[in-house]
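Shared chain: chain A. Partners: chain B in the first complex, chain C in the second.
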Partner chain A sequence: MSQHENHGDHHNHGSLKSYVIGFILSIVLTIIPLVMVMNNMLDKTTTVIWILVMAVLQFIVQLFFFMHVREGEKPRYNVQTLVLGLVIVFTIIAGSIWIMMFNKY
Partner chain B sequence: MWENIKEFASTFFVTGDPLIYGADVSIALTMVAIVFVLTKYKKWGWLWREWLTTVDHKRIGIMYLIASLLMLFRGGVDALLMRVQLAFPNVEFLHSDHYNAIFTTHGTIMILFMAMPMMFGLFNMVVPLQLGARDVAYPFLNAVSFWLFMLGAMLFNLSFVIGGSPDAGWLSYPPLSQNDFSPGPGQNFWIWGIQISGIGSLATGINFIVTILKMRAPGMKLSNMPLFSWSVLSSSIMIIFAFPILTVTIALLFLDRFAGAHFFTMGGGGNPMMYLNLIWMWGHPEVYIVVVPAFGIFSEVVATFSKKTIFGYKSMVWALMSIAVASFFTWAHHFFTMGTSASVIIFFAISTMVIAIPTGVKIFNWLFTMFRGRISFKQPMLWTIAFIPCFVVGGATGVMLAVAPADYQYHNSYFLIAHFHQVLIGGVVFGYLAGIYYWWPKLFGFKLDEKLGRWGFWFWNIGFYVCFMPQYALGFMGMTRRYYTYGWDRGWADLNLISTVGAFLMGIGFIFQVWQIAYSIKHGERDTTGDPWNARTLEWSIPSPAPFYNFAVVPTVKGADDWWLTKQAKENGTYKEEPAHLEPIHMPKNSGIPFIMSLFFFLIGFGFTFHWVWMAVIGFIGVALCMWARSFQYDTDYYVPVEEVRSTEASLGRVY
Partner chain C sequence: MATQHDHAHGHDHEHGHEEHEQLKVLGFWIFVVTDCILFGSLFATFAVLMHNFAGGPTGKELFELPGIIASTFILLTSSFTSGLAVLAMNKGKVKEMISWLAVTAVLGLAFVVLEINEFTHLMHEGATMATSAFWSAFFTLVGTHGLHVSVGLFWMVALMIQLKRRGITPVTRRKVTNLSLYWHFLDVVWIFLFTVVYLMGVM
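This part shows the complex of A and B:
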């Protein structure tokens, strides 16, 4: 990540173009799963996998286009927070699946 | 027309209960009295300029404190009503519905509208002063947080007289909280009151993380930052990760209720247990969010009143920070009885027991700090000493609950009620009270009266044990929580009566404290030195009450317990007076936008509560306009000229 660092004093908070791209991407990534679910296009497992993939992509789009993870000076608190955030997001999702598995029986 | 209005009013306002009519009258009278006093003494402008628009962290802290004390009163009255109902078998004081509403509002208010704001009050009153900063990182956002909390809390409390109170328990489990079983606006009040104040809490978490990481005085490394600030960092980290879970969970619940979705319904592919799973992912960190700052307070108090540096500073920091992470891995212990796989239960039982370790470490550190110290038993220290045995017992019963097979017996019994009140009152309430007594002189310039305070202290403490010890036994005897009445044949009568007596003793303790505050405003010992306890950290180096810019000159920190080092150096004669050099001070300007924007948030909540979408739409538009207006505001700060700083300091007895 750090090789993209923009050295120097001026802070780059993204251009209009990057915001518009991010905006469109995040809308598209929202519409795809919605359409898939509303029209019953795929079977259940495949739909779930698609939704998860879209969610991960959405997450990445948000981080890069709106949260500006690449910016920021030392110490890199944003990266530390991101790692902790990922650990917790993983716990929430994997933990829920694990705990709620009992439903299957 | 008239008929319509009458019909609307009879469903809109809560009717038919003398208690509530009484409340209606007293609310109306209080309103009239406030408007009258403000108008008579021409104080409207003062209220607006000095309080409603303020961005000063100290004033925001004071407003949090006042709000939380009012909420402690309301939650306490709820508690006493319940204890009256349970005092004897077959009492006909509250109906079952009414009892349900009261334990729901009691629990919700005590955690979200009493403990949280009291904690935020302490954050605000102390952290910037302790760090040597002039305000928090985002003063405007800080005001937004406060007003969102305040209007969220007001929305929730309104359910008492309008629409009807929520009555599905403080965490509103579905299916009970779904439309089928809880029609009407009560549950919506619960959802929107928490939702709105929750946004404020999240923003406060962000604000204090940035303040602590970025705004420390020059020379203050993280490794010698005072422990209270460390505890605030730990708590804020938990807030920013836990509160989004809450927001999403109750947003989904709202979609179920409002839009007929099926996230947590019984049929249609939903699963109510998923709600429990999600809400406790917030709920367990939440209890650590409120208790960790209490640990920070005890660390400051123990060091100051034992006249020693804290024992094991590094292990304290490690314990505080490891709790911030570990607290996210124990949530399932709240529903062991749900019946999931054995490996899940084993994992969560062990993780729960593991988290007791850092807490135990801290207890030993406090004890070792006191060991061979010159302890003075002032009020903050009294509450700290009372906390230790109380929390140790509460923690031990917590570990008992974590033994999953045994929990099948304890679950949702009065044993559980006694356990969590012991940690919440003994840990959180005692801790915050210690903090309030400790920092009160810094905020207001006088101490709270010792004698009245001691009466309050003993009533609270004796009352506590009299109230809650019998409940452990009642739990073993089979009394479950949320029980509104019982018969003589159960054999629970004596213990319940004792418990009720204890509750009233605590109530008397609270009255003593209110009296103490009123008395001390006039007669309390004035603090002219700025350092009434001979304390150790930076906040005590400035006058009391602290001037609005906090530090005339930003201090340069040389080590841990910097103010103590300075005092020592002065005593030894090794202190080198550095020529103080006043400079204009950069400060944020007041703004009315946080207050107005929060009013619009209130409209959103109120509109959705009654399904009046038009009102919610107005609210959304208003919020958007406020954000728009703020984005184009460039004139948001100013400089305090050197002359004004000099004369303010001179009036506080400090010459530059």
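This part shows the complex of A and C:
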């Protein structure tokens, strides 16, 4: 129980270390796609996939290191809500793109 | 929770209060998730319309990456500093906390100013909401995000005033927790905006 000086240890929101790690990872994950696009390193489709992967990775980094999704009290309604929200978002975006592809024929 | 509590009743009361505040944080989290759905819809619209320029200017012709890169790092840093404000709050340091919130607000303001400059520049070049489906989707998506950041700025200033007057209480603690969640969320939305709208736009 070393955290007792930080009164309110039951809703302790991370440490300086976790914020700094999150910040550095975010910067790296921003610079990599930037360099990839500015130097035209790969062909277009590969680049699009890679930069989207980096964006998703950065989202996950911020979720864990900045928003501390794991630290909520159990049961983790916040995580359940988030997963439901992401399923809806994915359905809207993927569904819209998919169905509008047929518009071009 | 080995802290000594002289008044069992007082402790119960405080605990109930804290729990209520925790519930409000969850409520705010649910709002953030629904806001995700709003942005998801706007992203879907943009993804569908992103090649429809109607003979007008394209994103590739008009986007100026240096300004966008600057905004990206400014918002990322402000997300970090809002986290530092929460850390200072957990240590019970009001002054440090207000200073970090002030830094966050200044960075947020810089972001909004850069965005207004960008929009003015685009309009000068003949890209308005009415130009083409692409620009309608663009201004709606990016503008909605910018509006969220602007609203967050007013909230932040109001909260800084409240913190100065009341100090760190369970209520102000909950409000700052929510504000920093909101701010991190806006940064996450911007990451996708930066990737999908700008990086993919200039390719």
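Keep in mind that, in the parts below, the second predicted complex is superposed on the first by the 85 of 105 C-alpha atoms of A that agree within 3 Å, B and C clash if a C-alpha of one lies under 4 Å from a C-alpha of the other, contacts with A are read in each partner's own complex, and residues count from 1 in each chain.
Here, a residue touches a chain if its C-beta (ideal position, glycine included) is under 8 Å from a C-beta of that chain, and two chains touch if they have at least 3 such contacts.
Owing to the predicted nature of the structure, the values given are computational and were not obtained by experimental measurement.
Peer 1: May I ask you to decide whether A:M100 touches chain B, chain C, both, or neither, giving the answer as first, second, both or neither?
Peer 2: both
Peer 1: Can A:Y77 be said to touch chain B (first), chain C (second), both, or neither?
Peer 2: So A:Y77 meets both chain B and chain C here.
Peer 1: So in the superposed three-chain picture, is A:G85 touching just chain B, just chain C, both, or none of them (first/second/both/neither)?
Peer 2: Both partners, chain B and chain C.
Peer 1: By residue count, is chain A touched more by chain B or by chain C?
Peer 2: Counting contacted residues of chain A, the larger count belongs to C.
Peer 1: For A:F23, is the partner it touches chain B (first), chain C (second), both, or none of the two (neither)?
Peer 2: The answer is second: A:F23 touches chain C but not chain B.
Peer 1: I'd like to check the shared interface: which positions of chain A are touched by both chain B and chain C across the two complexes?
Peer 2: In chain A, positions 77, 84-85, 88, 92, 95-96, 100 sit in both the chain B and chain C interfaces.
Peer 1: Could you pull out which chain A residues touch chain C in their complex?
Peer 2: That would be residues 1, 4-16, 19, 22-23, 26-27, 30, 33-34, 37-38, 44, 47-48, 51-52, 54-55, 58-59, 62-63, 66-67, 72-73, 77-78, 81-82, 84-86, 88-90, 92-93, 95-97, 100 of chain A.
Peer 1: In their complex, what parts of chain A are in touch with chain B?
Peer 2: Against chain B, the touching part of chain A is residues 77, 84-85, 87-88, 91-92, 95-96, 98-103.
Peer 1: Within their complex, state which residues of chain C touch chain A.
Peer 2: 1-3, 18, 22, 26, 29-30, 33-34, 36-37, 39-41, 43-45, 47-48, 65, 69, 72-73, 76-77, 79-80, 83-84, 86-87, 90-92, 173, 177, 181, 184-185, 187-188, 191-192, 194-196, 199-200, 202-203
Peer 1: Residue numbers of chain B touching chain A in their complex, please.
Peer 2: Chain B reaches chain A through residues 213, 237, 241, 245, 271, 273-274, 277-278, 281, 325, 328-329, 331-332, 338-341, 344.
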